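Below: one structure in structure tokens.
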Amino acid sequence: MTNTDESLFERYQSVRRQSLKICEPLEIEDYVVQPMDSTSPPKWHLAHITWFFEIFILRQYLPGYRLYNAAFDVLFNSYYNGVGEQHPRPKRGLLSRPTLKEILAYRRSVDVQMQTLLSNECSEDLVFRLVLGLNHEQQHQELIFTDLKYNLGNNPLYPAYHDLQTENSQTEDQQPVPQLEFDHYSGGVHKVGRSKPSSPLDFAFDNESPQHGVFLQDYELANRLVTNAEFLEFIRDDGYQRPELWLSDAWSLMKNQQHWQHPLYWHEIDGNFSEYSLAGSHPLNLSAPVCHVSGYEADAYARWKGMRLPTEQEWEVAASGHDIEGNFVESGSLHPQPCARGSKQFFGDVWEWTQSSYCPYPGFKVFTGELGEYNGKFMANQWVLRGGSCVTPQSHVRATYRNFFYPADRWQFSGIRLARDVGQ
Amino acid sequence: MTNTDESLFERYQSVRRQSLKICEPLEIEDYVVQPMDSTSPPKWHLAHITWFFEIFILRQYLPGYRLYNAAFDVLFNSYYNGVGEQHPRPKRGLLSRPTLKEILAYRRSVDVQMQTLLSNECSEDLVFRLVLGLNHEQQHQELIFTDLKYNLGNNPLYPAYHDLQTENSQTEDQQPVPQLEFDHYSGGVHKVGRSKPSSPLDFAFDNESPQHGVFLQDYELANRLVTNAEFLEFIRDDGYQRPELWLSDAWSLMKNQQHWQHPLYWHEIDGNFSEYSLAGSHPLNLSAPVCHVSGYEADAYARWKGMRLPTEQEWEVAASGHDIEGNFVESGSLHPQPCARGSKQFFGDVWEWTQSSYCPYPGFKVFTGELGEYNGKFMANQWVLRGGSCVTPQSHVRATYRNFFYPADRWQFSGIRLARDVGQ
Amino acid sequence: MTNTDESLFERYQSVRRQSLKICEPLEIEDYVVQPMDSTSPPKWHLAHITWFFEIFILRQYLPGYRLYNAAFDVLFNSYYNGVGEQHPRPKRGLLSRPTLKEILAYRRSVDVQMQTLLSNECSEDLVFRLVLGLNHEQQHQELIFTDLKYNLGNNPLYPAYHDLQTENSQTEDQQPVPQLEFDHYSGGVHKVGRSKPSSPLDFAFDNESPQHGVFLQDYELANRLVTNAEFLEFIRDDGYQRPELWLSDAWSLMKNQQHWQHPLYWHEIDGNFSEYSLAGSHPLNLSAPVCHVSGYEADAYARWKGMRLPTEQEWEVAASGHDIEGNFVESGSLHPQPCARGSKQFFGDVWEWTQSSYCPYPGFKVFTGELGEYNGKFMANQWVLRGGSCVTPQSHVRATYRNFFYPADRWQFSGIRLARDVGQ
Amino acid sequence: MTNTDESLFERYQSVRRQSLKICEPLEIEDYVVQPMDSTSPPKWHLAHITWFFEIFILRQYLPGYRLYNAAFDVLFNSYYNGVGEQHPRPKRGLLSRPTLKEILAYRRSVDVQMQTLLSNECSEDLVFRLVLGLNHEQQHQELIFTDLKYNLGNNPLYPAYHDLQTENSQTEDQQPVPQLEFDHYSGGVHKVGRSKPSSPLDFAFDNESPQHGVFLQDYELANRLVTNAEFLEFIRDDGYQRPELWLSDAWSLMKNQQHWQHPLYWHEIDGNFSEYSLAGSHPLNLSAPVCHVSGYEADAYARWKGMRLPTEQEWEVAASGHDIEGNFVESGSLHPQPCARGSKQFFGDVWEWTQSSYCPYPGFKVFTGELGEYNGKFMANQWVLRGGSCVTPQSHVRATYRNFFYPADRWQFSGIRLARDVGQ
């Protein structure tokens, strides 16, 4: 592959720097804790995304490369059985060592070696792995925000990660969100998914391919996301208490383990809801999209409206006509914002739950080798979410991008778009 | 609706009698126990299918009907929140009372009232509920076999439910199963699902409708089910020890809770496998279809072969051209049998795992009223199985019939058919 | 040892017959279920007490004896690791086979062999094992009542084991219980425990020996058991809601797992308490001793009174001056009865919680051989109870008898006697 | 009470300073994690011992005192229900905020107020609370070491807290430990426990009182602690595999949850045992006392020797004749050391398991008020340990001092002294 070394390393540096920038406001203590099994400490994230470059690139492509620390090979392996054993996931927050300082040294060491490697001719496979590693790092940048919010947002002191940008949200509050309307989409055979990229720089994950035909009925999608005000109506209509609105597994979960009464991060103060955002606890912005709902809650809300969630194919067909613009991490708000006039909110703000189980596309092939574990093995029991969120890097998202979570998960920035059949 | 009273009640009697006939070989003690949360005691099944007629028909349609025993309304309600509270499912096996005798009296009482009711003009809705109730009872007849096998097959004494029909299985053993081949099916837009029945007597479950178009790629399906001999190769190739063959949730389950090393009901005696069937423990019949594998095991096996499971749409398109013939409960073997020459084994023997998550068809509507809980609320986290098994009544199955279990379940009679993409 | 064959076998027969007599009112279904891990099905009890004679006597002393069924050796071994593996305790209620009928045949077979054996000269060790076996069977007779009550008393139908003997309890109700008073006992060095018996017929368990001196302070014990009326005052004074009254482990258990609000088998109907007894559900008899309280509840009640539970030594010193008379199983009431004038209620009615941890007496030696597991290995985490209950055979109890349960247990017939220091 | 202000505050300062000194070698990350529910993060310990002075002294005695931060009242309350709600114990390690810095500021603020308070006349109750608070802080100093060792010793990197003092341990290794012998102690009535102190400065915990008589049999105690070499023999004799050596609850725990094969912090490297100490991982010192065994392991070891553990009374009578000298925290080794000639090792090195359940002495009264929760409510299910350890401050221990842990606990510095009956 023609060497594009400088720009490749620049691209590398730019993404890598962003990870550290996200962590700047943190106290050392914030880097350590793991408030639930699904989250990871920021310290672990920083080490793991470095490990990814070390294991999948340096170890393969840098002649004579020796592992920085053999113990890290286990400690910072997330789930790659092909690579070897892993430190148990629920115990990531029990490791006070290596310290943050030691992990930053590890990062610097890998960065130096990567610069050496990228200063030479790069094979197509190396470039592919590099771009994958950078997309991987972007995913973890979003996870750092997501996991950090879970940590701080469950702390009784409600500490803020950053200051509220008041003038911004004030303005948004003033302006009413567009009325809820439904856009009609025509059925028939549509193409969805991503055709094989011509260059590793034109990146897509394996789970987005191959492009293939699907047959859809005519359908309608809401012109914007469901708002907090609208979700409040569901709560006040006893939505959380009515079994007929809930999937059986959801109802059972709510009876036995989770006693949900409202979205995550809402808390009642004197009968009114406040919401924790990364700017601290503030009164609920009624115009903003509801966020941090599980797939089960999204499904129950839609059922309560007599509607349903979109399938991922319906969403993709509708969204693919739109520019990838919206409230991404670059806006700095780190919180979903009310729908702006003219926007359909397909991209940014919140990941939109679909009713589609995360499954292989027809003809799906995983990445080759150890990287085959990246996506494919998670294709059971999870649901697809689409569109990116207010903590996703804009450059990271596509109309074909498939995110996935268990339907009971709600610590990620996830929200609801309504769908309905035609004639309903 | 035109009264077809006599034939309706005859149909009722015929199905009802079958439930008792299935239980004839049981000892009273067998009616009581619940060896895991997902199973129910035969005593409970017999009461619940009676409760179904009482609650959804007699209480609605027989003027002045009084509940047989108000406590039964809770004890024998399976999962109908719309009807009321339920005795906790995992505690069904802790009820020594009502006794079998008392439950049989309950059955007789309801049967008498049903006869009265059906001797009069029957509304279309009543006929619909009756036919639903009979299909419901057939489902529980299969469950009685399924749950009973789990009870007896986990008893260290391996007691038999019935005698082995030796001449039958002997013959089958002799004759080699057809060689594994793949049949080609053409893609394009196909119709799947069931169009709305014109009469309640022409029954289908709500989850089979509406009929709708799907776009398929060309695909290939195996000409028969995977055999025990073939599955043994997977075991001997360390299939259960190789994480790359397993979905992540499956691997995690196997590390932490289930330590699967072979299908359920297999047990090793001096290095050879025996298998428990309802006729007791016998050496594994290598020609018979592998049975009692979970969806996860089916998926891992297919991956090991470099293939995959069919989607439910692929299965339905392929199977709908075939007669509904095969090894059903009426054959009396109560165990899957080797593939006979000329058969594709689409129907009977074992429920075939598909890779499809159990989800609503486009435009799906649940049954109206309390019966809406019958199927719809289970559309999460389960996989579709097709084709019926050796303990399914033949009249109960259709090409459009969608059975569903969690991918970790394996106490039901479930097996594997391989699929692959064209050109593979 | 001089052969006392006839009387030995008569004694054997008499105890054995009693076990069957207890079971007479049961339905077959009642023999099967195990409503919690600590209980066993009556069917299992009947088999286990037979197994005890087979393993510890016939296998040792009857030349050429062959095990009735090798599988029973595992199935009906309770906890004797020295004998071999055991069927998991929590799964005793999952065995529908062997059936009751098969177990009764097993009992008869062992009885026949025992008659043969006992018709010959019996060694002292054999007589010891026989008498131990009969005491063991008496313990299980009490457990059959105890476990059966847990089964029926948690069944929503509240089925009765026998009819209420109305005239009896009516009379008792009329007559007021003696006023609560405290008897003074002098401290100093006292002897407690049982000196080594001179003959195996003069039986005591190993845990009652050796007799030894203890130094006690002066102390006072209540002249009778705490009544339901008195316990109700504790409930109405929010006793169950006040952490300062509870041991830390108790409070934690109540917050996290058990949500006790009253003794076991009490249930509120329209604001009044009823109590389930083996005669069914009846309004609470306020004069009767409170029963089915855990050690934690007994301790909290005593603390609420500003008093404490007796130590087992205090209890024994006080009780040893009294005849072993009271409301035992022979009275047929199977329920604690109000204190009769003149009685101190030391024996019968309810096992009395002491504050003493179950531990070895100084110089304690376990029974020799496999029987060493009978008592000694349980000397951790349990508390001693004294005096026998309304389901204990009168001949089974002694002033030195040490029963033991975990302080969280309350399905046994256990109650409270108050103690206090002098000068309090 | 006569003001002894200066010396009281000096005493206060001296103990308080020690807590910080212990933490000096820690990285900030070490202050945060909680590797199991029973441990607490050092950060939490530092805050809690400050909270103790704030709540029980400043709030009571400093006029106009306002809480430093109302949220801390909940966050740093350990278990005082009388004071109010508590942050859930297992979630102490999920709090990244308040940061260490904020907690140190909290400490300084309380110290300033304490100085103010102690510069005035102090009532007897205030002095009592002060001395209690200092003893409380000393207990937590030991816990900081204990919990920290659990954190670092379970980290795959085995980081050291301090450097090994080589010359010291080398010397010890050379010198053989005294041969195991048994000292005879005469039975009869002995006094144990602590008589009421005449001054609050003459401190003892409530659980050590009142002094009272006990009647003991003659008994024998080992002349020193059990060594690693001796414990290795137990391991090599399959001690961990032989159920007859274990209490029933211990065996069940080992089968189902804990799979103990050796003491905590031992790890096998190429067939030889190393042991983690606060100086890192080093080859096992065979002459040193075995440490970090549970009460169950101590009991099994003694049973394997045909002996038993001492009762706490036997221990106290034997130890009370000895000076309180030994390997305490002041020695700086932070690890048990081989028995020195002439020592009986009653004090220091390891807490010695007794067979005594932790229970109230006759006539026991808890501290008054909210402080009554300090000790009394833990008197169930725990065993008494005696003598202090290598991480206990020397001034903190007495012959009457009763420490207590669950018999399954082994992260504390606990070891074994053998006892036996006379004539054994």
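By letter and in written order, the chains are A, B, C and D; residue numbering begins at 1 in each of them.
One rule holds in what follows: contacts are C-beta pairs under 8 Å (C-beta built on N, C-alpha and C of every residue); 3 or more make two chains touch, one makes a residue touch a chain.
Everything numeric here is computed off the predicted structure, so don't read it as measured data.
Common neighbours of chain B and chain C (chains touching each): not present. The minimal number of chain-to-chain contact steps leading from chain B to chain D is 2.
With chains reduced to the mean position of their C-alpha atoms, the one farthest from chain D is B. Here the spacing of chain C and chain D, counted between their Cα centres, is 38 Å. Mean C-alpha position of chain A lies 59 Å from that of chain C. Centroids of chain A and chain D (each the mean of its C-alpha atoms) stand 46 Å apart.
Counting only residues that touch two or more partner chains, chain B has none.
Chain contact summary for the complex, chain A toward chain D: residues 27-35, 43, 71, 74-75, 87, 93-100, 151-152, 154-157, 159. Against chain C, in their complex, chain D makes its touches with residues 79, 81-82, 189, 212-217, 243-244, 246-251, 296, 299, 308, 355-357, 359-360, 362-363, 372-373, 377-381, 407, 421.
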